[in-house]
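Have a look at the structure below before the remarks.
Each chain carries a letter (A, B and C) given by its place in the written order, and its residues are counted from 1.
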Amino acid sequence: MEPSVKIGVVTVSDRASRGDYEDLGGPAILDYLKEVLSSRWESTYRVIADERPLIEATLRELADTEGCSLIVTTGGTGPAVRDVTPEATEAVADKIMPGFGELMRKVSLEKVPTAILSRQTAVIRGRSLIINLPGQPRAIRECLGAVMPAIPYCIDLLGGPFITTHDEFVKAFRPKK
Amino acid sequence: MEPSVKIGVVTVSDRASRGDYEDLGGPAILDYLKEVLSSRWESTYRVIADERPLIEATLRELADTEGCSLIVTTGGTGPAVRDVTPEATEAVADKIMPGFGELMRKVSLEKVPTAILSRQTAVIRGRSLIINLPGQPRAIRECLGAVMPAIPYCIDLLGGPFITTHDEFVKAFRPKK
Amino acid sequence: MEPSVKIGVVTVSDRASRGDYEDLGGPAILDYLKEVLSSRWESTYRVIADERPLIEATLRELADTEGCSLIVTTGGTGPAVRDVTPEATEAVADKIMPGFGELMRKVSLEKVPTAILSRQTAVIRGRSLIINLPGQPRAIRECLGAVMPAIPYCIDLLGGPFITTHDEFVKAFRPKK
């Protein structure tokens, strides 16, 4: 049996981490993954404050200790002073993946002109792909849906488990060699 | 009465700063803002040489001392050796805003294939949004027009004055919470 | 007679450099240039391993010693651990040219959703424009074809030779002053 893929989900939000309101972003990501993935997976889910050292430590732990092949963050990508998720993500990166942010902003821009305010990026750390998503549940589905077809092959290239998807939702693409 | 928003306009050009020719970029930006903004605003306008320390000092002064919520530069974004506006802009940045440059190049690319040579970016410094525009008056209107719908909300997120626009020219977008 | 433009072509591939298989990327670039360029040109072609110091040294030599106005690399732009061409390219850069990577990914994305995994960039070093292309011959033509209309004017701005193209293949664009 193919090994299960470990996926980290990190909500970055001062208010959700204090319990001031219920986190909607993390569950939206988990719901999306349940719909889309057909191979086995398990998740580690964290809700943390918009503190750069804490975000960096969480990403390092999920990548290096928990062995997550994919780590998805939500929140903290805007221009406000407390929004530091992209900086924390790039700080733990071995490689920057500019194509993810470009495509996610392009897709969001078809809905709202303020999509250009999102600074979301994606990076490689070791064998983990880390992707920033915006905070709003609707935008999460749009953005994750846009990049999902490329994620299984990216994990292949990093030496991770073979991920499959329900083709009626998302068709994973693997180039023929 | 809503406080007036302060806007800095910086023409970066060796020749215009020496008086070798009249600056067209700065006035094109001011004309555009006059057409589009319906809330109160006031401008500070500078014409400076393509010298990186001078550009950085000017951006810092407009942001920190003059209290400009929005600073718009024109010129110095190409590949030539004297073009250093993006480097100066990133050097004073707290945050990089990649979506602005991506969208402005996309819009310019519909007109001229050499749009990919423009290295324009946008950043946050403190409570100021700083945006690089290209040097040509026609390109200024295209680029500033493309990103203008997102600027008032960005200034909101930075804690600045509430900016309104004439909807028939530009419809400012603010997401519903 | 207009001076000949020097063009460097660098295949970055562990396997091709060891002779494990024939390099297809470098010849695909040279074939494309033969079809498209109508002015005089000469090429320097290298096949090297995916070693960052070696890639950097090769780019520096082609730019500084060989005097190449244009240097095109193929390979090493993906997310895998041995893919380090973009990092090597940025390490020797005077200026980053984000518009090239954005446009090349956009064009490739119309063909394959995994185009977002390509981290290709372009930079200026001295009087040289350095462009990363992906490894696959088909993608090389797509990507180089997308940016080629802007290359002659970019070389003009760097003080290099006047390059002309066969208009039926690629129409070089030079803005009217």
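Here is the rule we use: a residue touches a chain if its C-beta (ideal position, glycine included) is under 8 Å from a C-beta of that chain, and two chains touch if they have at least 3 such contacts.
Computed from a predicted structure; not experimentally measured.
Interchain contacts join each chain to each other chain, per the touch definition above.
By the residue-number overlap criterion, the interface of chain A with chain C counts as different, with under half of its numbers used by both chains. Spacing of chain A relative to chain C, judged by their CA centroids, is 31 angstrom. Within chain C, the positions touching two or more other chains are listed as 98, 102. For chain B in complex with chain A, the residues that touch the partner chain are 94-100, 102-103, 124, 129, 147, 149-150, 153-154, 157-158, 173-175. Considering their complex, residues 78-81, 83, 87, 98, 101-102, 105-106, 109, 112-119, 121, 136 of chain C touch chain A.
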